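Going in written order, the chains are labelled A, B, C and D, and every chain counts its residues from 1.
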Amino acid sequence: MDETQNKAQGSTHKIGIYLWIWGLLFVLSFCSYMVDWFAFQGLLRWSLIVIFMLLKAGLIMAFFMHLFWERYALVNVLLWPMTAIACFIVLMAAEAQYTVFTRAFYFFVGG
Amino acid sequence: MHAGFIFLAVIVGSVLFHIFTPWWWTDIASNWGAMDDTINLTFWIGGGVFILVCLFMVYCVFKFSYKEGRKVEYKPEDHKLEKILTIATTIGIIALLAPGLIVYKNYIDTPKNALHVEVNAWQWGWQYRLPGEDGILGTAQVAKISDDNPFGINLDDPNGKDDILIQSDELHLKTDKPVKILLRSLDVLHNFYVPQFRAKMDAIPGIISYYWFEPNKVGEYEVLCAEYCGVGHYGMRAIVIVDSEENYENWINEQETFSSLIAKQDNNKLKTTRIAKNNN
Amino acid sequence: MSDHTLDKLPGGYKGMAADMSSDQTAFKGVQWGKTMMWIFLLSDTFIFSCFLISYMKGRASTVVDWPNTSEVFSLHVGDVPVPLLLIAIMTFVLITSSGTMALAVKYGYERNRKMCAWLILATAIGGLTFVGMQAFEWSKLIHEGVRPWENPFGAKQFGSFFFMITGFHGTHVSIGVIFLFIFARKTFRGDFDTGKRGFFTTMKSDYVAIEILGLYWHFVDLVWVFIFAFFYLW
Amino acid sequence: MPDEYNQKNTPLEAQSSETMSGSSGSTTDIDYVRPAEVPEQDLYHGHSFITKWVFCQDAKVIGIQYFLTAVFTGIVGLILSWLMRLQLGFPELVPFITAEHYYQFVTMHGMIMIVYFLTALFLGGFGNYLVPLMVGARDMVFPYVNMVSFWMFFIAVCVLMASFFVPGGPTGAGWTLYPPQAILPGSPGSGIGIILMLVSLSLFVIGFTMGGLNYLITILQARTRGMTLMRMPLTIWGIFTATALAMLAFPALLVSCIMMTLDKVLETSFFMPAIIQAGEVLDYGGGSPVLFQHLFWFFGHPEVYIVALPAFGIVSDLISVHARKNIFGYRMMVWAIVGIGALSFFVWAHHMYVSGMNPWFGFFFATTTLIIAVPTALKVYNWIITLFKANIRMNTVMLFCLGFIVTFVNGGITGIFLGNVAVDIPLSDTYFVIAHFHMVMGIAPLMVIMGAVYHWFPLVTGRMLNERLGKWHFWFTFLGAYSIYFPMHYLGFIGVPRRYFEMYDSPYVTSATGLNEFITVAALIVGISQFIFIYNIITSLKMGKPAGKNPWKANSLEWLTHEVPPTHGNWGENLPVVHRWPYDFNVPGAKEDYITQTTAPSEVLGAEVEKT
């Protein structure tokens, strides 16, 4: 690849933004650790964990992996396939519920 | 040209084969006539499309075979035609899908009055468990299976005591009475399939699967395992006998319940200890 | 295509439509190697997703109790058990190394060879620390009797999924660490400035390679975020 | 050019939308194509025999290597199918076919044909050879990785073949490898055989990922000047989408292979619930066999389209070239390919209607499955409409295309039976399923492969295949294969279950004995007739009629190289510049019945080409 192409990528970003994101990631990690420390339970625990996780993942992808500055063509190609995963997750959650129901009912509870 | 004739012959041959085939459905012996109807519907619509598409193709072969200097149409797209075809196909697909879904809804909703029958499948054979007087099957676990407890019934479950155990591959069913088949596998995947009943479902170790049907023709039917389960798969057959009410009662009264099995075994143990004592 | 032109391209979805209907490249200004890494990571995301989905299915359908992770993974400081202490430290180490990697990429593009190389080395050491702590955690659990096939604290699947998922992630980290060390050496030597040809591929070295490695490293961190949330905190 | 991007679109549109009457500006203007974005590719030219033919980095040689290896495994698969058919048609005729062996043949035949033969042949073989040529690149973007990809595949094949010779033989768990039986002693080859199978599949996935990245990025980022996505031949669209599917579907296979290997080797319980086998409680507990099925089909269904989409693409090109007419509804064809590909990730559990999964899934998957039927049907319509008012050369290539249409429509329609959940219940796990998928993803893609070989053989070798032998080959293959699988549906209607070593004495099944014998004879004939093909290829290599440049008068770039067969680097000094789609056949006002993709608008001023 030639020089000009590197420079295209070479339009680098200010160091401040990396340090900010870095700091935020530490804070978020600390927060999610605190979720366990304070032993939150139930839906609250769930939603906090997932929110912090998605925020962290989003920050890493957007800034450390430069996805925020990439063109939409690349971003869309990378993110749309996740719908298949989302579908898989939802269906497997339903499947697990069904499995655990038949197990509990026919192996233990009955009636 | 001859190619067109051969393709035509293939299509005509397919239709003729269908008309004269001696190989067709076994006579249905359950309530799932609706499944046959959806198949027939799919068959006629699908078969029609197949014949039309192929005839059109053959027509093109006859009509437009290569000739130097033939005038050829240059029309990359025809939005109107494409739209018509899309809509027509979509309608056709909906017409096929909707009845299928309705039948399926029926298939997964077991009637309340269905008789529960647990089918136990293993490599390579079958046994059955029917609820006793209380109409409820006791809970059971694979890990609890032993010589004394061939179905792994939980001993502390009162529902299990009067369960009727059939340690043979012959199952009797009452005619015109819905049955819910509960499938339990002790080792690998199996499938309790009677072609005449149309319905089938896999037995999976670790969970209980089910399906239901209503046998409506007295007779003897062969059960085939329809999910590959190892070397003995092809030999994993059983018999279902659909009885009239009277015969069914006679049969079921002859069967052993779980509590009588336990009693018999206790008796046997007692005897063996006594013999052992006498011998000493 | 010069940076000048890239800036002038229409952005947003309009730009996407234009890019997709243009000739030559669909992702304007994205080098081949970088595209490859992105698509590879997409594929790898599916691998980890399948692992985590299996874990979800396995955990949610077992009727045996799942062990309480904050107890299983606690460390004793003095006599006080601190839940997930080691895991928390590992998380911080990995994020630290991700930050140094991001800076390394930045200095690489600025042709700051020394700074870039030191930051890559720092990243590598961070990764190595992570792998070391993971090895410690494994040996601790094994010592307590957890095995892939059994688990004294509850459901069998706990041990199986733990060793499989962290093992697969750890393999990714280890591969990353190896490449980080190689790249640190290459940067110190100035391969990316001189365009030295690769030993295997015979292709010219380029600073883009550091960004590509960076993508991989951030991805490893990204996966850890999910594992941390789903395996340890849930 | 200070602002190339904005200027780029205008001249292109001007050039193509207006029917080139010559009045719309000067010739230089209408021929304008944006300058190159990406510098010339740096290629490694091998000099020794080893770097030129063995560890070669030229995609064309790699493609041929893939092709030959895949054909070798295909022949193994063919022989296995003979042995199976012999047992089914004439039980006990061949004494060494025991039940164990029969199930091993079934398993290996399925796995070889689907993964190691069709996938490798379409993507590894045709993909490698055609992708750089058709998009106008000098080579794949990462030639070295591409080379490693082939050798990984080669090792995977070696491991697979090695399993025939280990104690206990290859796995006999059915190609779906469903646990628990795949790793329990009740199935043949449940010891080393299954482990080798899982290792081989994992290696295949790794190797394929390397190749797949190459195909995708070559198509996305290394097209030549003027080659927009919507000017790519449908072959490339098919290969592209199939590869994208593979990149996202193979992970699920890899994961299930890893987990099953652990279940086997370390006795973990991912897929293994509490099991009592031969009176003995095993050490497993709590796992879920259905999970494996979900993972497997999350891979398995896209896999069907990984095989089918390249076939769709290639057949579209073959039909268009040999019917001397543009493919009808090109854009719809592209969107259909992409749409089928995307939807294929949402339909997997239609393979599991009777698997005991959550019964409510049936509604979801029946609906998504039948939605796929719409774009698929549109593709069929477009193929036959392309034939309408065309000028059809009835040569071997076209015969194979027509054979494809017949078998594909037949198999596609039986697919609607099986996708519709209530209809599937009586038919699943019977011979109807066997007939369906052999018709739709066995015979139909094979027709395309053979047609494609007749089509591109002149490009690869510079010589034509023998047309007379080709026609014999076609009729034997097509009529034979059709008479195997068409009647087989009726076995399924009777209710004959699949994977039965013997049908003995079932009262209603014995009536099918005659049919089974007939099918076996037909299968043997079809198999043997493939040797006509092989003979044709071998003799034509030396004695075939020299093809010369572009013998079919096709438009796409692969025929427009400087040298035929193309050499390393594909193009001479300069890369080709593309001005139009590859389907400008019989354009009104043009002098000849085809306009190649590189023909500049100013050269065909009188032709009324449509905008592409």
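Criterion: a residue touches a chain if its C-beta (ideal position, glycine included) is under 8 Å from a C-beta of that chain, and two chains touch if they have at least 3 such contacts.
Since this is a predicted model, take the numbers as computed values, not measurements.
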If you tally C-beta contacts across C-D and across A-B, the winner is C-D
If you average the CA atoms of chain B and of chain C, how many Å lie between those two points? 47
In whole angstrom, the CA-centroid distance of chain C from chain D equals 34
Starting from the mean Cα coordinates of chain A and chain B, work out the distance between those two points in Å. 42
If you average the CA atoms of chain A and of chain C, how far apart do the two points sit, in angstrom? 13
For chain D, jot down the residues that touch at least 2 other chains. 38, 248, 285-288, 290-291, 294, 298, 360
Two or more other chains are touched by the chain B residues 141, 206-207, 209
Residues within chain C bordering two or more other chains: 1, 9, 20, 26-28, 30, 32, 35, 42, 46, 49-50, 57, 61-63, 204
Interchain contacts (touch definition) - all pairs: A-B, A-C, A-D, B-D, C-D
Show me the residue ranges of chain C that touch chain D in the complex, using the header's touch definition. 1, 4-5, 8-10, 18, 20-28, 30, 32, 35-36, 39-40, 42-44, 46-47, 49-51, 54, 57-58, 61-64, 148-149, 155-157, 159-161, 164, 168, 200-204
In the complex of these two chains, what residues of chain D are touching chain C? 2-6, 8-9, 33-34, 36-38, 42, 44, 141-142, 144-145, 209, 213, 216-217, 220-231, 247-248, 250-252, 254-256, 258-259, 262, 266-270, 283, 285-288, 291, 294-295, 298, 578
So, in the complex, the side of chain A touching chain B is made of residues 99, 102-103, 105-111
Which residues of chain D touch chain A in their complex? 38-39, 248, 288, 290-291, 294, 298, 345-346, 349, 357-358, 360-361, 364
Per the touch rule above, chain C residues touching chain A in the complex are 1-3, 6, 9, 11-13, 15-16, 19-20, 26-32, 35, 38, 42, 45-46, 49-50, 53, 56-57, 59-63, 70, 83-84, 88, 91-92, 95, 98-99, 101-103, 106, 109-110, 204, 206-208, 211, 214-215, 218-219, 221-222, 225-226, 228-230, 232-234
